[in-house]
Amino acid sequence: MFSKSIEIIKINMKAVLAYATTAWGAFFMTLLQIFVFYYIWMAIYKDDSIINGISKEQIVTYIILSRIIYTQLTWGFIPKIGRKIQKGEIIMDLLKPIDFQFFMYVGRIGDFITFASMTAIPVLIVCACTLGIQIPQNPLIFIYFFISLFLAMTISFFVEFWIGLLSFYTNYTWGLQSFQESLVALFSGALIPLTFFPHWLLTIANLLPFKEMSYSPVAIYLGIITGPQIIETIIFQLLWAVALLFLSRLFYTFAIKKITVQGG
Amino acid sequence: MLKKYFFLYIDFLKQHFKTMLEYKTDFVIGVFSTLLYQFYGIFFVWVIFENIHQIHGWTFYQITFVYGLLTFAQGLDMFFFDNLYALGFEYVREGSFDIFMIRPISPLFQLLATHVQQDGIGLMLLGTIVITKSLSELNVHLSIMDHFLLVILIISGAAIISAINLITATFGFKTVNSHVIMTSVSALQEFALYPILIYPKFIRVFLTWVIPYAFASFYPANYLLHKGYEHLSLLTPFIAVFLWIVALKAWKIGLKNYSSTGS
Amino acid sequence: MAIINVENLKKEYKINVKKEGLIGAILSLFNPKYEIKEAVKGVNFNIEEGEMVGYIGANGAGKSTTIKMLTGILTPTSGKVFVNGQEPTKNRIKNNMNMGAVFGQRTQLWWDLPVIESYKLIKEIYEIPDNIYNENIKYFTDTLNLSELLRVPVRQLSLGQKMRCEIAAAFLHSPQIVYLDEPTIGLDFMVKEKIRKFIKQLNKDRNTTIILTTHDLQDIEEICNRIIIIDKGLIIFDGALDDIKEEFSKYQVTNILVKEVTEELKSFLNSTDTNFEVLSIEEEENNIVIKFDRDQVTIAGIFEQIASHCTILDLKIQDISIDTIVKTLYERQC
């Protein structure tokens, strides 16, 4: 099982490596968007050093990390599933001796690792040199951050998978991708730390899984969430992951029945 | 000749609208998702403005006006010119561009007429809502002349965006991945969604004189809101025309190259 | 004056030579190496109006490249090409008014539209007068049985149906010259017949010049009166179909399946005093491919000879392929 996973990850990484131009595109776009928001935030902060409990330095790191994560969250995984469903390739994958959802999940991890090395790290380096990045004092925070990040990606995967399965009902997978992207943009904290949200909006955001995909790990990293709350957040993420696993599994079984009945 | 192209394009459009009506769900999802997605900028500015009241002398509705102008121009460009992205990976790579070349009409025309991107309507819709709301909240009274100018400025804005897209699209003759180049350049429009005063000088200069996206949003906004740069704003249509001349030249060169290097 | 005039036509390509593996790919980005490939090395021919010419050759021989130069898609590296007195790449738009084409797998109809809507767009593009358009639509619909297909979107058509619509589209504006690149590939016999008949009739009625590239010998047999064979960028035969038919019709190819390819069998096959030619010995498949001249030896005669050296399990006879004809002609040149 493990060796199979490694194989799948490797295949996905090779495929992504082949598209060096796409990696460059992602690098450039992410960097660009970071700079746009950097300038907007600097204009917002102007002379103030703290707004809503977040300092100027913190907001810079916040933008950098959130934007990189956002790029990965909106990588276009949904049309990938959508294409498989529409072109009937999914039949081939279902015939493989490995669970389709798990197969997709492992592939997603592979994408993430390639993305991290080919896009995230270069972006981080450029930003660290030009804009400056904060580093947590406590090395333990790093560990919490990576755990939270892993859970964040997992949660994102389940949501993407779920929305991707909706390709049964519509030809327009790109529309579904846009839809997911907008929800992520609005509620994941990709643009603004949730501490800026008006109270009623914050309530809504707390009920959705999107904030767990980006805000939670970044807030842990920056120390916006501290102490016992860190563990609470991670457990909360875990609960979301389990709940979404269950929900997506349910929908998946239902969808598979539909495929096999329709015959692709 | 122009007459022929005009009526031909109308007929293509008629066909596209027929298809849109046939696939109503896809149409609605596409338009709605695009609208929702582009809304993020408005959302962002709105949340920020719960905490502050102006940025570099620009108030909330003034900023959204800039945002709306660009969004609408982007929508116009997306609707009519989206097929440029497909030149490299679809038409050249699969050889279907050759079909364009054996017909007695311009291949560029065919590339554009064959496909319209209905999602652009989502952007135009959002743009219209934002522009109208902003203008009414700002209590700006536009004369008939101003309305006329607004239309010209928006169309010029769309023309600037599409001319730049055409220039980058010509890479499609050389590489399958031209869409990545195109997307990278058009991503710079992000900057132009907000008043460019917030950026350092080199970016302002770049967006004004190198890749003039600022003329699709900031300068027209300045003119209509009487915030300055009035003379510069009137350059907008001329910049649009100039860029289109350059773009068509680039296309011609790209096409000539394609004819001599094909495989 | 010939309608198509080609003089010493040459075309060279620069091919990007990529190296193996990831390191190679990265190196290629920084230091691209090019190789020059000569696709067409100096081709000459004249085609008169109304001729039906088969332009054939193996894959990669330079067929499509020549056609692309004739249709104005590709500019020649050197040499002259004139179609109707015009240079195709210099007067593309004017030249295209008078020309139609079917390019094998690539469709010139619009994917989502019903066929008739595509035809209406073509009418506008080629500025076809109403009376000619209506006349052609009626005639094509009748001859190719298109009436049920006209309202169907192209993407819903089967290959055979699509091809019939495609052919009609190429002739719709009554062009003087029509280029057909693999028009019958993948089609069943009935559809092929229909299409061949259609093309012949149009040539008869309207004196349309037809240039056909195909791997299907039947296509050539039924449609063409002249063949031009190109191999490795040069023309190795240009003449009446009847000449080549006569010459090669006496040749056939047989595939003989034997129980085992023994050394004895091999030495017999390789000896010089056989009255047939061994094209290949496939040891693993136990298959021998033989070309023979029917005037010199019968299949029964071959069978007898081989049977004395091994056990024959099965035998298949087929007509000589274009590839073998080309190979033979080429060998003759040397």
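Going by the order they are written in, the chains are A, B and C; count residues from 1 in each one.
One rule holds for everything that comes next: contacts are C-beta pairs under 8 Å (C-beta built on N, C-alpha and C of every residue); 3 or more make two chains touch, one makes a residue touch a chain.
Since the structure is predicted, the reported quantities are computational estimates derived from the model, not experimental observations.
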{"item": "Chain ID, smallest distance between chain and overall C-alpha centroids", "value": "B"}
{"item": "Identity of the chain that, by mean CA position, is farthest from subunit A", "value": "C"}
{"item": "Between subunit A and subunit C, centroid-to-centroid distance (C-alpha), Å", "value": "52"}
{"item": "Whole-Å gap separating subunit A and subunit B, where each centre is the average of the chain's CA atoms", "value": "29"}
{"item": "For subunit B paired with subunit C, centre-to-centre distance based on mean C-alpha positions, whole Å", "value": "45"}
{"item": "Sites on subunit A touched by subunit B in the complex", "value": "19, 21-22, 24-25, 28-29, 32-33, 36, 39-40, 42-44, 51-52, 170-172, 174-179, 181-182, 185-186, 191-192, 196-198, 201"}
{"item": "Subunit B-facing residues of subunit C, complex", "value": "13-15, 68, 71-75, 89, 92-94, 96-97, 99, 101, 103, 106-108, 110, 112-113, 117, 120-121, 124-127"}
{"item": "For the subunit B and subunit A complex, residues of the former touching the latter", "value": "23, 25-26, 29-30, 32-34, 36-37, 39-40, 43-44, 47-48, 50-52, 55-56, 119, 175, 177, 180, 183-184, 187-188, 190-191, 194, 197-200, 203"}
{"item": "Residue ranges of subunit B in contact with subunit C within the complex", "value": "4, 7-8, 11-12, 15, 19, 94-96, 98-99, 101-106, 114, 256, 259-263"}
